[in-house]
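Okay, so chain A shows up in both of these, paired with chain B first and chain C after.
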Partner chain A sequence: MSEKPAFVSVQQSLRKSFDAIEPLHEEWNNTLLECNPHLTSLSNLAEQLQACQRVLFKKTPLSSFINLQEHLRFKLQAAMEFNLEILNQKLSTLQRIRDSVSQVVGSVLYMYETSIEKIGLEAILERSSLCPSIADMLEWLQDIEKHYRNQYLQRKLLLQVCGGHLSDIQALPQSWAKQRDAASSKQQHVEDILLSVSFFRMST
Partner chain B sequence: MDTVLKCLPSNPDDHCSQRCRLGPKAMALIGAKVGFPVLVSLQSGSCLCTAWPRRDLCDGFVQADYMCSTSHKPMAVFKDTGICLNQIKSMASTKLRKVSVKVVVRSLDVKRATSEAALLETVRDLLRNVFVLNDYVLSVNADSPVVHIEILDTDPATSNAGLITGKTSIVIKEVITLEWYKHKLQEAPQLKVAAMDDTCASLKEIIHMPLHYPETMHKLGLPCPKGVLLIGPPGVGKTLLVKAVAREVGAYVIGLSGPAIHGSRPGESEENLRKIFEKAREAACSGPALLFIDEVDALCPKRGHSNSAPENRVVAQLLTLMDGIDSDNKMVTVAATSRPDAIDPALRRPGRFDREVIIGTPTHKQRQAILEMMISNMPTDRDVDAAALADVTVGYVGADLTALCRDAAMQAVLQASLDSLCNLVSRAHFYEAFKRIRPSSARSSIGRVEFKPVHWEHIGGLEDIKHKLRQSIEWPMKYPEAFSRMGLTPPKGVLLYGPPGCAKTTLVKAVATSCHCSFFSISAADLFSPYVGDSEKTLAQVSNRCSDKRGLALQPLFSLMKLMPWWGPDQKVEQDLGSRKGSFLFSLMSWMA
Partner chain C sequence: MYADTMESKSPGYVTPKKPALSASARKIKDNAADWHNLMLKWETYNNDSFTIASKIVNLKIITESADSMLDETTPNKDNITTDKVELDRLCSELLHILENMEKIWTKLEKITVTFKGICDLEAYQFPGDISKPVHFHTWPTTLFYETSKTMVDMYKKEMELKRTIIGDLAHTSDQDLRMVYLSCWLYQPYIDNNIKVLLESMLLETGHRTF
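Right after this comes the complex of A and B.
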């Protein structure tokens, strides 16, 4: 008799987790989009800084301005730091999303682990046209959680590595886009999953 | 339980997810719970997976992602076509508090570029929610800088599958490059080298020193010795020694051979040389490395003699590269040659090759040790006596002794195939082989003559002469202690003279037979040539050949010159050659002394 309530409670928590993940997913996408202009401006600033370091102001009409090079460099660096600050904020948003996804998924898995004995294998594998099986949904949740973890880490490493060299910072938008293209199938996968559980989520 | 499941390649989606897809019936049979660890034992190792149902819920197939397994090359190794159900076992899991890992990164550049914190974070991300067991290796095939993660230790130590969660603390014990990791995994058996303990020790010391006492060397302000030149006749085991020592100390060996270096384009050879040194230097950054230049005389000949510019440039490049090795590097260069005279002298100064180790023709004891080691691996009869064999194999080098043993074994195989009675290698087989295998150092040498053994009793009469010959040649060899006790110097030369046909040559042969020595015969025709200095050179070659053996064999081997027929022509030549005869005589006398 205890089979049914356990089953329902796991399903309930699954439903809740998907409900929680959907807005997070949208926030993630928006955050990534918001990053793009900052990345471009950062890359431009890096290019300007590079040019500033290369040019000899003494040979130009600007030579009458004293310490122009230092001033320019200071300005550019300040602007870059400002941009990096914003990007770091975005990154922390991404981290927050990742952590909340991990937490949600973790709580579902914990729920599942505690009630697995009561449910039984057959019930876990049972699926209908409206409701995917618990096993499928758990698998999807794991996939989603892993995707966010990987993505966050890669973006973070990308920003970290670029700290040293101006040429790397200049190429940042390209590598960022490359990262996005590489992950696009996974991103699509998350959206597919959210679609496949939409009926299940509605059938309260 | 013995249902065989068909093995299919895993889904691309499941890549690096540690999932093992099973049918529902199979899962029910082994009692696996969805998402819980199962241990899959395969023929060539086992791997830890998590059980998941197949999407189509079909039974009879298994699709496993071998991410966490006992082998570091799972895809190549696990090629089982079918897996029995009893090969899959459900496991309990424990959450780990702490785990120590060894990280293998893709290349040295990656290792330099990635900071410690970033590496730790990458590893943490890769290990998150993964089930592990002690000594299992995680293979990561994605484009991450980390290739493998080896689990060294877990806390709590458990036989259950350990789950790494977000709270597990991860300790990176070691970071090595993929190349080193592969090198360490090559499970080659230790090579056995007999009778070269002192040489071995000195080579080992030179490799160990910068590794174990870096601070001491730094304090002393001395650069570590970093070059060893091995000199010895062909076949004494120079190459084998280097390989064995490298394997023993776990050093990474990079081979360098002359022919592989030389290219057709001008400058290509130098470039190749630089590349190899660069590779060695990179390898040396992560552990002891040994650059081995075999046949260095081909790579680095004397510069004055050859007047080809490219060759000189290669030599110069090698010299500068040798100088460029940093003393704090753990790299040692070892070169081997059988012709030390042919090497450019600039290479032999301290700082390039600091030490020269001469490996001579093995002495009696060394031969015995070598033979004992070889015989120990063969199914031999009881009558095989290594000491007796060592007695007769004067002048044999390691390669000759190997050939001897191989030939004896072949004899035994042939005989066994004929009568199928005994399949042991006996003394007779060794003696049969001994007839065929001659020492390689004596091959193609001037003056070496094969002759039928002549025993003392084959010569009638001449008893007093036989006695005198025995006294002056046989006794010093057989009773050297007696000679040294009485303070006698053994006679160095014997002059036999007499009219033709009075058994002078036969007597010498008899001496050689009774002492088991090589017989070198030199006549004037062999030695004299119209070119200035040529005869002296030939004589020097013969004397080198002989002293190679005599100087280094415990039971001294002596060479016999057929001097008698030689002095005659010399008298006649005297008028034609004038002063040249004098110089030739000098070289002969200096050798005799």
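Right after this comes the complex of A and C.
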């Protein structure tokens, strides 16, 4: 009966991995929420900077002020950099979460691969009302990992536009929200998975 | 001449080095504290006035868009009058805050003048090459004056800028210019970022801040 302990230990490590993913998922959502005010500020600042560049200071009552346009641009850019720095910090938090998830999933897969022969195909596919099959759960874990990988990359790409045109920066909150809406089904999928394994996680 | 009791209580790194401060040193120290407090006050006024200024701009945008729809619907006269009353109220509120900011600036000017006065006094007391007293750690009195002058000049320009903006804020119909006015108001382009360093150095030197 060498397959029994191997089976149990894979189940244990699956349980552990879901336990680890749940708080990470929450942290991920919170981090995304924390980005919103800074995205709005950044967008406002981009709008102000555009206005600052469009106005012909010479033809306004401000014409007597020396280098005002440069001074104002400098201040606005400094404020933008401040917001960008915070957003980059958030991005590195997202990266850390993504890496943690990958690590958790990787270790379960390794565990599974080393004991696959001892468990046997039938046991892997076996499932009950309380306990999904090992195959299903492994697939779910990979889905979750893929979700974080994609999402992180998309967010990173969005923030990279900040080096480019001001109009892109101005539209950042919208494109960020669009990204969120496009991924909402995947996001829901992660939550559904966590729900599906809740009985499994409770049973020891 | 000096009370010796202070010395035993204060730890070594805190100014005064001397048992008690001389009249000039005390004046300098008070001035530094005033600088700090007045700058905080200015910031509060600046934020408050920015809120009002943006309300004015919003109100102008609303009334303008109402004007452009004149031919389609009969304007609600009541609305227009209330808007005008509200605009008047906001403008006078803004002017009132600006007056307060002007007062702060005058006080800052006065502080700078007293620094200059102390410098002149010392120049008179210690003429020629005689080394002038250092009241705190390392700064000669002239450095206090120069720092104060640099800082007050920033506020002077800022004050002029605000006066100009307030004259045109509710009159221009250029959307971009309005936005520039508002960003100028909030971000105060003539107040350099290093003003905090200048102020903190002054506070550190006079012992209001410790290492």
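As a convention for this text, the second predicted complex is superposed on the first by the 203 of 204 C-alpha atoms of A that agree within 3 Å, B and C clash if a C-alpha of one lies under 4 Å from a C-alpha of the other, contacts with A are read in each partner's own complex, and residues count from 1 in each chain.
Everything that follows uses one rule, which is that a contact is a pair of C-beta atoms (placed from the backbone, for glycine too) under 8 Å apart; a residue touches a chain by one contact, two chains touch by 3 or more.
A quick note: this is a predicted structure, and the numbers were derived from the prediction, not measured.
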Which superposed partner A:A78 touches (first chain B, second chain C, both, neither): second
Touching partner for A:Y112 - first (chain B), second (chain C), both, neither: first
Touching partner for A:A20 - first (chain B), second (chain C), both, neither: neither
If touched residues of chain A are counted for chain B and for chain C, the larger one: B
Touched partner set for A:E47, first chain B, second chain C, both or neither: second
Which of chain B and chain C A:L68 touches, first, second, both or neither: second
Touched partner set for A:V55, first chain B, second chain C, both or neither: second
Complex contact set, residues of chain C against chain A: 157, 160-161, 164-165, 167-168, 172, 174-177, 179-180, 182-184, 187-190, 193
In the complex, chain A residues that touch chain C: 47-48, 51-52, 54-55, 60-62, 64-65, 68, 71-72, 74-76, 78-79
For the chain B and chain A complex, residues of the former touching the latter: 13, 17, 19, 24, 27-28, 33-35, 52-53, 55, 57, 113, 115, 118, 121-122, 125, 128-129, 166
In the complex, chain A residues that touch chain B: 102, 106, 109, 112, 116, 121-122, 124-125, 133-136, 138-139, 142-143, 145-146, 149-150, 153, 156-157, 160-161, 189
